[in-house]
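In what comes next, chain A is part of two complexes: it sits with chain B in the first one and with chain C in the second one.
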Partner chain A sequence: MTTTLSRPGVLPAVPVRPLVFAGTVTVCVALPWIVGAYQISLAASALVLGTLAMSTQLLVGVTGLPAFGQAAYFGVGAYTAALLANAGVTAGPVHLVAAASTGAAAALATAPIVLRTRATTFMMVTFAVQSLTATLASKWKPVTNGDDGLHTPAVRPWPGGPALTVNGFTYLYVLAAVLLLGLLMAVLLRSRLGLVLRGNADHEQRMAALGHRVTGELTLGYVAAGAFAGAGGALLIAVNRYVSPADMGFEVAAVTLLAAAIGAGSMTGAVVGAALVVFARDYLGGSTEHGPAFLGILFLLVAYGRPLVKRLRS
Partner chain B sequence: MDQLTTYAVTSLDGVAFGLLLFTVGAGLALIFGVMDIMNLAHGTLYLVGAYVAATLSGGGLLALGVALAVGLAVGAGGGAALSFVLRPLGREGSHLDEALVTLGIAFIAADGMTAAFGAAPMQTHVPTALEGSISLGIHAYPVYRLVFIGVAALVAVLLHVAVRRSTPGKMLRATISDPDMAAASGIDTGRVRTAALAVGGALAVGAGVLGAPLLGPGPGVDNTVLVLSLIVVVVGGAGSIPGTLLAALLVGQVQTIGVVTAPALAPFALFGAMLIVLVLRGRTTAVVAGRPA
Partner chain C sequence: MTLLQVDNLGRRYGGLHALQGVTLAVPVGARHGIIGPNGAGKSTLLNLIAGTVRPSTGTIVFDGKDLARLGPAARARRGIGRTWQHPAVFRRLTVTANVTLAVTRHALRAPARRPAVAARVQEVLERTGLTEHAAVPAGQLPYGLQRLLEFAVMLAAGPRLLLLDEPSAGLDPEETARLRAAVGALPEDVTTLLIDHNLDLVWSVCDTVTVLAQGRHLITGAPDAVRADESVRAAYLNVPAVPSAAARPVRTGRPLLRVTGLRAGYHGADVLSELELEIAEGDLVAVLGRNGAGKTTLLNALTGLVPTKPPTRIELDGTVLPPGRPHRVARAGVAIVPQGRRLFALTVAEHLEIAEATARRGDVYWTRAKVLELLPALAGRLSHHATRLSGGEQQMLALARALLTNPRLLILDEPSEGLAPAVVAHLATTLGVIASSGVTVLMAEQNLDLALRVTDRVLVLAEGRIALRSPVASLDRDRLHELVGA
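Our next item is the complex of A and B:
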């Protein structure tokens, strides 16, 4: 999974990737002036899912842990931002910091459970964590308002700034936040921790034999992934002004894994994957009422396509 | 006193629900054991069984028998088909791709079933012979649930004996603990795998047919069953039938008594159970797939 990232020697001499990246960012910034309000709201949803996909990719593609439960920390962050907004704190950056903190705290609290397992069992346990957290959100009515969810006032891009009620402005705020988070992720991946996490994906026993405290390092990675997921939750509140247990449900967890798989180990790939998922589910499937079937087909295409692509590359 | 009997009845419901989860969970553990995959379409198999029951059964015992036979056939076929759809991914297929395939199947099947049976939960009718309630001391209890408890307990005993004592059971355990060694000693591991997948699928769909009056078919039921049965597998440790049974009964009690007395605490109880078991068992790469009891 990490082969595409761990082969620095095959980069072309012409800086194709930075150019493509710069072009994509330009198009993304100009998008509100190109497409309509509905498309722009879909694009904002794709960015939110993209943040969650980056968090998942940090575990799935980088660390080699098949995480199914990042939606839980996403939900923790979203409820944090919603409760803050309803308490009168509507500044988006405050939401981001607070939601990232609670997401990280929730990840730290659950890490002792999930990191005792690997591989398929890791997936099972993270799935259980996601599901039980969503159940908690639906049962803890005094705080979460149960299945009815929480409606919130509009988020402001800075304290005292204008309320983000127009889709285009909300989208630009979310885009700025996602670019910042992507930058942080890029720094993290190039840090010592990023390298250590990759090492664990390749050969955990050897890392342990080299004297690495593997569990501690994986805990750090897991907490970082929780923080990114939590920040994504804060962005969900900016876009939807609403959160319910469904926002951290099975489908969100499943499509996040799909987005990460489409990304094949790369962070930008995960965000592109999230955009593809939203396109297939809401744009193609939205008008037919068969969104789940479109998603299911996408799941199969990606699952069978990935080994093919891998074989073609090697 | 009155409250105590209410708890006792709820607890009996918990036993019935626990045995339902055991049947589904044992199938999941079996598939996990031989293929090292998490079958995310396992709840879908239960849901198929429940819809089969809702459509075919009702009225006589014969109809229930037909529904069960159809369900078992569908489940065995579905389970065996799993090995074929996973084959293109290669023997060393990544967990991610395997999960995506079963997820894709689950999504498409859920969409199809909602289209065919509607978005509202369906009612399942109990055969007339098993209708009504029987008096247990001072409280009446539905006959069907008692019969279900009996049948599921019998399934548990038969499974345990089959895995421990029978030749196919021994071949299964050999295949799970060391596939290469098992193949070298003359066991057709491919056939054992397919058979185990068929049994695993049949257990899930069979549980759906018989369990439909307890947990009826409707959108979302597949996820509920999937999550609870995989908690059963994690807590019980795949490979041990008694362990799976104990875990299922525990989850059954948490889901009935726990949800009645402290609904917000029930998720914590399941978290706690997983934490305790995983800490006690020590770190393992794949629960105890290599150590079948």
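Our next item is the complex of A and C:
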């Protein structure tokens, strides 16, 4: 979104990007009428992972912090939505707001520990946050039902609306929510905070020397990323009607980072990356039982392909 | 009225006193210069005032307030602005975004609303002449413009005290003149603390000068008084005699390096186009030119660090050097002392070991013993980490690392950058000794005095071409000054 746009003289005069974006959205909306129920449920999963990838990209690609632990806040949001649904609150928008709030609160609570560190240490600490949170979800049985997880009733798109039990409708609800979240993210990236986060990624000492309260600014960014991850968790409940500690586990964290890496710093790229991950792991893998192999190949392609793309661009 | 009061300030690193018992009073509006040899503690003093380093002893009072408990950001909000030795800009952000980040509500003394911020940014860009580069990512600007941008970013934050850490390092003469004008044009109530090795700049800009040596305060006074002081001469200004290049036997050696059709550049645009070059064995050649003329690109292309394009052909003693393969170029006998030194996170001894391991096979002339004899400063520091060395020692280490590979062609990129006059003089002597051992030397340099004193021949680059090539003895100085903007 940023790196490709800022190359003067490369873009043709026709506004290609808005056209491509509009075309993609149209196809996404029409998807339930094009493909079958199984593919639609995969597409919904991809959107959920895409939200988590956006949250990760806000830290990795924009703020320059290699965050491994966003799955933790995703899990906090998912459990929030599940507990609400089991308590009789099934309105999706309420889930989204509540899950984003608890995700943000969890991020705020952990930010002081996490933001003491940078680079590889930051990655290790966020990894610790992720695994500790997942362990907590597995051990706190009275609330989370442990490793058996929580089953929930179907989510409704608005209070009193129809229950989302048909894959196509669930998908459209999730798509609408993700588009809204994407819009919010776009606004955030163009805001002062977005610029400040990029500045900190580039030269933190310079930011401090200009009087910026670096830790405070990074905390804001971290909390915002936590809110997006939490909202993603609410969407997980809409799609799966189930959450367990595995949904915030190591594998989820790893593939999220992979999706962000495929996106190479760009927010739309992260969502595309998430779609690629689900396509390789579940769609290709689902019919051949070689999902992990396809995922491994994708990892290698990213590791070797990104320098190649860079070279082609320059 | 005193704006900055420093009392008995000291900083220890282990057993090393980087700064010891320094007391200074800087009044509002002063232009205060700080000079001294490499390792005198100048940058430490500046970092202590900026808050990036904590003092071991002493106090710093700014505008009546003790700064001890304030971090760098809090000090910046109170009006302390700074630059770094290497331009600290946001490389991936545009020029506009760089300045926008400086316009905080502290700078505006009002909430940072979009229209107010945009107006201030516009004003800063126009005043500094950066408007035409507004949409360019800072990392893609030429070095001189990055320095200018850093200056603009610092000023946009509206500081009352400027800490300038070697602002003229790496600038060509014309850019230095512009810097002098910019410092001269600062509002009268803005106070400036300036560290620089360019003494002409310091004498002309500053009204008070402090000399530091080995972490201690030597003298503070008006520029004339400081220049005349005997102890200052002894510690810093005294430049030993250097054997001039003419004293060396004139060489009629066969060509060692032959370059034809050299094309190189970044992002599609050629920095160098169809460059032809021949250097005879044993020659000492200077590459001169303004910033952005292509000096570093040329040197890096020769060492294989920058990819070249056809029809480039680089031959060393008749053998074609493979393009884009720096390790093979190095094995063939080309060593570089890069700009900014690029040392490893290792000790001095480890640096030397690595270099020895990759020494060219055959007759090894430059052994560790010989190198340490040539650069005695390193001998006492073998177990020290490279980051703990002074600027001068770091440059010597970079030179030692290159020399131990026993190169046939030694390339140096801005070797005098950031070095005190006495160290520059020592460098000149050293290069003379290296050349007389039969090593061919090619160096890019902004310090014309040094370049013309040390070398036999000069090449002047302008806009990616060689605009002038001449022996130093018969050099057309007017033409040279016109080309480099002196």
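To be clear about the criterion, the second predicted complex is superposed on the first by the 302 of 314 C-alpha atoms of A that agree within 3 Å, B and C clash if a C-alpha of one lies under 4 Å from a C-alpha of the other, contacts with A are read in each partner's own complex, and residues count from 1 in each chain.
The definition used in the following text is that a contact is a pair of C-beta atoms (placed from the backbone, for glycine too) under 8 Å apart; a residue touches a chain by one contact, two chains touch by 3 or more.
Treat the numbers as computed from the prediction; the structure is a model and nothing was measured.
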item: Clash or fit, chain B versus chain C on superposed chain A; value: clash
item: First (chain B), second (chain C), both or neither touched by A:Met123; value: first
item: Which superposed partner A:Ala293 touches (first chain B, second chain C, both, neither); value: first
item: Which partner reaches more residues of chain A (counting touched residues only), chain B or chain C; value: B
item: Which superposed partner A:Ser131 touches (first chain B, second chain C, both, neither); value: first
item: Chain B versus chain C as contact partner of A:Ala209, first or second or both or neither; value: second
item: Touched partner set for A:Asp147, first chain B, second chain C, both or neither; value: neither
item: Selected from 4-12, 328-336, 346-354 or 418-426: the stretch of chain C that, after superposition, runs into chain B; value: 346-354
item: Doubly contacted chain A residues - partners chain C and chain B; value: none
item: Interface residues, chain B side, partner chain A - complex; value: 32, 36-38, 40, 88-90, 93-101, 103-112, 114-115, 223, 227, 230-231, 233-234, 263-264, 266-268, 270-271, 274-275, 278-279, 282-287
item: Residues of chain C defined as touching chain A within the complex; value: 50, 52, 71-74, 76-77, 81-82, 84, 88-94, 97, 100-102, 104, 106-107, 112, 135, 137, 153-154, 157, 266-268
item: Chain A to chain C touching residues, read off their complex; value: 6, 8, 192, 195-196, 198-199, 201-203, 205-214, 314
item: Chain B-touching residues of chain A, taken from the complex the two chains share; value: 1, 60, 66, 68, 110, 112-113, 116-121, 123-125, 127-129, 131-133, 135-136, 139-140, 250, 254, 257-258, 260-261, 290-293, 295-300, 302-304, 306-307
